[in-house]
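You will see two complexes here that share chain A, one where it goes with chain B and one where it goes with chain C.
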Partner chain A sequence: MIFFRHLAVRLGNSILLLLAVIVLNFILIHSAPGDPAEVIAGEMGGATIEIIEEIRSRYGLDRPLWTQVVIYVRQIAGGDLGYSYYFNQPVSSLILRRIPPTLLLMIFSLASAAIIGVVLGVISSYAPHSVPSHLITFFSLAGYAAPVFWTGLMLMLLFGRFCPIFPVSGMFDIVAGHHGFAYVWDVLRHLALPSLTLILLNAAQFSRLSRASMLESLSTDYVRTARAKGLNERRVFLVHALRNALMPVVTMAGLQFGPLLGGAVVVETVFNWPGLGRLVFDSILRRDYPVLLGILFISAMMVILANIVTDALYRLIDPRVRGGPK
Partner chain B sequence: MTVIKDVSDLESADNSQRSSQLEGTGRFFGRLGEFWRGFKKNPASVIGLILLAAVVVMIIIGPLIYQLDPFDIVSAPFTPPDENFRLGTDYVGRDILAGVLSGGRASLSVGLFAALITAAIGLTVGSLSGFFGGWIDTLLMKVTEFFQVLPTLLFAMVLVTIFGPTWVTVTVSIGLASWMNVARLTRAEFMRLREFDFVRSAVAAGASSARLMMVTILPNALPPIVVAAAFDISFAILLEGSLSFLGLGDPNRMSWGLIIGQNKNYALRAWWTVVFPGAAIFLSVLSVCLMSDGLNDALNPRRERRF
Partner chain C sequence: MRTLRWPQLILVAALVSGLLAVRPGLGWAAEHTKGTLVLGTDSVPRHFNGAVQSGSATALASTQIFASPLRFDANWNPQPYLAESWKFSEDGLTLTLKLVKDAVFHDGKPVTSDDVAFTIKTIKENHPFQTMLAAVDSVETPDPLTAVIHLSKPHPAILLAMCPGLMPIIPKHIYNTGGNIKEHPANVKPIGSGPFKLVEYVPGEYYTLEKFDRFFIPDRPKLDRIVVRIIGDVNSMVLSLENNELDAIPQTDDIPAVQRLEKNPQLLVTNKGFEGIGAINWLAFNTKKAPLDDVRVRRAIAWAVDRDYIVGTLMLGKVEPSYAPISPGSPLATEDVEQYKVDLDKANALLDEAGHPKNDKGERFSLQIDFEPDSEFLQHNVAEYLRSQLKKIGINLTVRSSADFPAWANRISNYDFDLTMDTVYNWGDPVIGVGRTYISTNIRPGVMWSNTQQYVNPKVDELLNAAAVEMDQVKRKALYLEFQKLVVDEVPIYFINVVPYFGIWRQGLENIPQSIWGPLSPLDEVHWTGE
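Our next item is the complex of A and B:
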């Protein structure tokens, strides 16, 4: 019961946050240099006077500012994110079509990164001062320090020039036109390099976190008790210590969603992956503001959703926080 | 008579005696020596510092010695590295070495100033929130939560697109998009320190809120915040790289991300156009990370390291 009440509070909070994002978008449109109507039209190669007039009346731009806010919020909340004059279609359908490829890339990378990171972190916590442990520390530092677009290009060079087993561009082979299982296999092969790039970036952070968390967990009283009652080391390590050390990893996976989305946008432009990233890149080039603001709104929504899911997951796994709000 | 509770009291009593003997510059060097002893504990931090110094010297002196305009077309496109053009030329025939040398100025200066903005906003929000608590805390934490919902890169990107890509907008956008961690850290430190006896006695002595925050608490809260701010420089350099890679840097300044972004479609044909500028970003970020770890060892000896 408490669980559901908590969920309701979270949902209410999320709706407020989303309203705030809409208001932020409104402020951004109005603080941009130039006439708001022209900002909304975007630099689409000279908006006609009719289009500008239509925007002006639709968004109520000749009315008082607070009326404009209400109109804008109502429009976005109703699912109307505006119209892209460059792509010549509604922003919402434009974005919705690009979300699945990005989500596929993100979820595949996040899951793999978490698994690889935890394995590396556990190995390195087993003997914190050994050579493998130092190597893993170095790997996680390097993974953080390499800019994600550069990592992508380096992988592209490595696999494209010396070891061409993976395609370096796109999401599927257009010429071959695979169907069924062959299609899935084709997409997976195209997924390899973009996701490997994101995995290299994120596995580093997961390994660092799970290493610290394991070391902390290993120094607790319940681990000492487990050892004192004569359990073998493997069981102490993998059952008693690891299970509790995983909690921060779950939190981290949720928190990584926003940064990962940013990383995916960049990686997609490197590998021509047909998701949100390509759309972002094209909209920046065309100064297509409704699309950019729409993407900001949708991505904030996805981050909020990811937070709710993480929170619920956390409460289901950890009995200590199931008791309700602090 | 002083009551000695534990070893750290003994140490500080000893330190205050020692520092009262040292005056002026001697005292300053004494503190610097203490700082250095903490910093050099880990060889990696010293390597980071040397690397960072090398990068900074390279981008300050480099363009003065190697006087080639990074925007000038000096050779055929895609000339591989040879004795004339050590790092080759890009897709229109501009010299990569000149680009790498002068491109660092944009990347590092944006990184430094964006981190300063991050620290300024984060310190203000965090200290007000942690000191006053109550509705101020609730309100400011709601604001912080709101900014955390916006993906950093996407938010900075939208800001730069709307306000136009100049050095100032890029720097301010990165600062605006990434102050939240410093705010949370500052808030936690202020909340922790607020309960200490030295703060209570200052309250009893009638210190104003402003004095309590700036003079009594802030100096004690600074060490972990300084480390976080130093680390944020590395984050800001990476973010600047991504923005200029996407074509959102100042078009009148050469930048490492810009070189890679403009040549990315030809990476397979001319590897040198992307390898070198990226390596420059990598080494800069790496050195800042290692250095901030050293700062951590020197300023917060009891806290655990980031890497």
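Our next item is the complex of A and C:
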């Protein structure tokens, strides 16, 4: 009962938080000088004042800001994210179309970065003062320190121009129109360079963390006990030490999801990957308020939901938290 | 041991992928698909109805989807298209179009004079270029293949206004449904009578055009399909072209990329085909703000700027200089104006005369310069150069950035600026794209590319109004010559260069568009060698 009451309170708070996010985003975005009517008129190569006024009126931009906020909140409450000024499409269909490519890029990159990072971290921890270990540390830090757009462009140059084995833009070959396995293969080939860019950025963190975690794990009592029992070194290393060292890595994988979305904006733009990140970039450039607000709303909702779920899971799993405040 | 399985699998997959990718025939860098042309652009079309939306993003598609009464060759001569003939009356107040017999829309309905009349009415009421058809009073349709256009005054630019980019003939039976035509659903699912029909549009990503089998010109179009990919990042677009993922970038002003691609033997780089657009890069003055309200100060700045250095060094010698309001590609252009060859002594003398002596630090006054935020090469570089150059005559110039286009446009169109770099299109004829930035009746706050300099000269107004109704080309040219001399002399704008647009096409493509409207005209004759 306490659990459900707490959940209800959290849900109520979350709705208020979501409302605050919507209003704040709306006001901040609309406070910048200039508006979408100028972008639309600008791309027309000029327009009369009547046309600019008509655009403002069509999209309700001529109304007072607070009226616009109220209309928008009401609209969101009714499940309508609005209509894109620029793409002439409902925002919900634009966003829905862009979510799968972004998820594919992010999940693939995150999983690959975690696996590669852990492997490198483990190799590095096996002989922490050896040349391979120093080399891994050097390349990890270089990958992490390089700006994402620069890494992306260098990979494009390398694999697009000098050694053209991967496509450098898009998600699939529009002209060939592949189906079935050929389509999957085509997408994987297009995925190579954008995901490699994100992997280079993120594998460094996993490698450093897993190295430190492994070193710590290798110095614990249970590892010493395992060795004392006469287990072979490989089993001690991979089963006893690594399994325990992976816990912080898994936690970090979850935390990396947010920053990875930020990185995806740049990577998707550089590689013309048709995901949410590129939509954010296009919408910022064109002041497409409804799309920007829609994406911010969806992201805020996802974060809030994730927090509620985590909170609820803690309560279910850990009896110490279940009782609530005394 | 489970932890090691995935890394091993990924390693194997990566190796196999690499091996397959480099195998000849399976690699990415394959030959083009037969009959298909893949274009790259960084512009997103809001929709495809060029009758109510100007700009090259829409025109690139709408000129393929819709046919227009006329088209133009590389020498500014009108050519038959939907109209097989056209004739002005003696007094120049009536223009009669005779339409071809066999033209049909993509839905099979015939193209008639009713569609022409409906289109002209729609453009007059909705198109951003209001001067383009302002002189049209009415359109009579005595029979399905004859349209008689009545004008309130002679209109020498009307034939140019009938080109594919400016007058796509839209079907009355589709669009005449009432309501706001700018929001008509057919704008994103267009039905035209042009050489290609739209078969797919994924907003912001790509659109596909397919050959229209019943196009009214026999044996055209020659291509089966055109795919236009929208690639926001120019570097990515250029690498896609080098990597054979694109066949052409029909319009770009990225000079460093052009310079690199020119060396690629598989590509053909041309600057032909942009005369109609007539884009000029210039330095504009706020003529109502002191000290720039004094013509001597504006002239001093003009004498201080070294145009040759900007054109030859800053822009890597890849651009053409511009000296006057009408773009050099136009038959009405002139170079017979004061060209302001750099002369710092003259500039200093003019500032002294205007009452702005140098102080102890050698400074006279401070000014601010703006530039379009996405124009690093053409504008920001020049603004930075001007900062150091104007210091030589005692003007302390600061360069102000804007976060994005709306922020910059908001400042300029509301006169919150001293000087600004700007790029403005002529759009073929001075009536459409030139007069708007000089005529005093077009000083309209909040409107970009109106007379944002707030320049007022009754003689200029008189000349522009007279030239706009002069049907005799020789007399018209004389009127525009006088106008250009006056404007250059009073320097509301200092003209720097023609915007260096280039088309980059893969070798093996025949008949690439080189008329005055270049890629903003039908690509019905383009084809691959041997196809």
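Please note the rule applied: the second predicted complex is superposed on the first by the 221 of 326 C-alpha atoms of A that agree within 3 Å, B and C clash if a C-alpha of one lies under 4 Å from a C-alpha of the other, contacts with A are read in each partner's own complex, and residues count from 1 in each chain.
We adopt the following convention: a contact is a pair of C-beta atoms (placed from the backbone, for glycine too) under 8 Å apart; a residue touches a chain by one contact, two chains touch by 3 or more.
For clarity, every value in this text was computed on a predicted model and none was experimentally measured.
Participant: In the superposed arrangement, does A:166 touch chain B (first), chain C (second), both or neither?
Facilitator: second
Participant: According to the stated criteria, A:33 is in contact with first (chain B), second (chain C), both, or neither; which is it?
Facilitator: After superposing on A, A:33 lies in contact with both chain B and chain C.
Participant: Looking at the overlay, does A:270 come into contact with chain B only (first), chain C only (second), both, or neither?
Facilitator: both
Participant: Mind working out whether A:156 is in touch with chain B, chain C, both or neither, as first, second, both or neither?
Facilitator: Touch partners of A:156: chain B and chain C.
Participant: Of the partners chain B and chain C, which touch A:303 in the superposed model: first, second, both, neither?
Facilitator: first
Participant: Touching A:88 in the superposition: chain B (first), chain C (second), both, neither?
Facilitator: In the superposition, A:88 contacts chain C only.
Participant: May I ask you to decide whether A:280 touches chain B, chain C, both, or neither, giving the answer as first, second, both or neither?
Facilitator: The first partner, chain B, only.
Participant: Once chain A of both complexes is superposed, is A:103 in touch with chain B (first), chain C (second), both, or neither?
Facilitator: A:103 sits against neither chain B nor chain C.
Participant: Same chain A residues contacting chain B and chain C, which ones?
Facilitator: In the superposed arrangement, which is not itself an observed complex, chain A uses residues 32-33, 39, 153, 156-157, 160-161, 168, 269-270, 281, 284-285, 287 for both chain B and chain C.
Participant: Would you tell me which residues of chain B are touching chain A in their complex?
Facilitator: Within the complex, chain B touches chain A at residues 145-146, 148-155, 157-159, 161-164, 234, 238, 241-242, 245-248, 257, 260-261, 264, 267-268, 271, 274-275, 278, 281-282, 285-286, 289-290, 304, 306-307.
Participant: Residue numbers of chain A touching chain B in their complex, please.
Facilitator: It is residues 17, 20-21, 24, 28, 31-33, 39, 137, 140-142, 144-150, 153-154, 156-157, 160-161, 168, 208, 212, 258-259, 261-263, 265-266, 269-270, 280-281, 284-285, 287, 289, 292-293, 295-296, 299-300, 303-304, 307 of chain A that touch chain B.
Participant: Name, in rising order, each residue of chain A that touches chain C in their complex.
Facilitator: Listed in rising order, the residues of chain A that touch chain C are 32-36, 38-49, 51-52, 58, 84, 86-89, 94, 97, 112, 115-116, 118-119, 153, 156-157, 160-161, 164-170, 174-176, 188-189, 192, 238, 242, 269-272, 274, 278-279, 281-282, 284-287.
Participant: Can you name the residues of chain C that touch chain A in the complex?
Facilitator: Going through chain C, the ones touching chain A are 1, 3-4, 6-7, 10, 17-18, 21-22, 27-29, 33, 36, 38, 43-44, 46-47, 53-55, 57, 128-130, 180, 182-183, 187-188, 202-206, 208, 225, 227, 229, 231-233, 235-237, 239-240, 242-245, 374, 403-411, 413, 425, 427, 433, 436, 444, 446-450.
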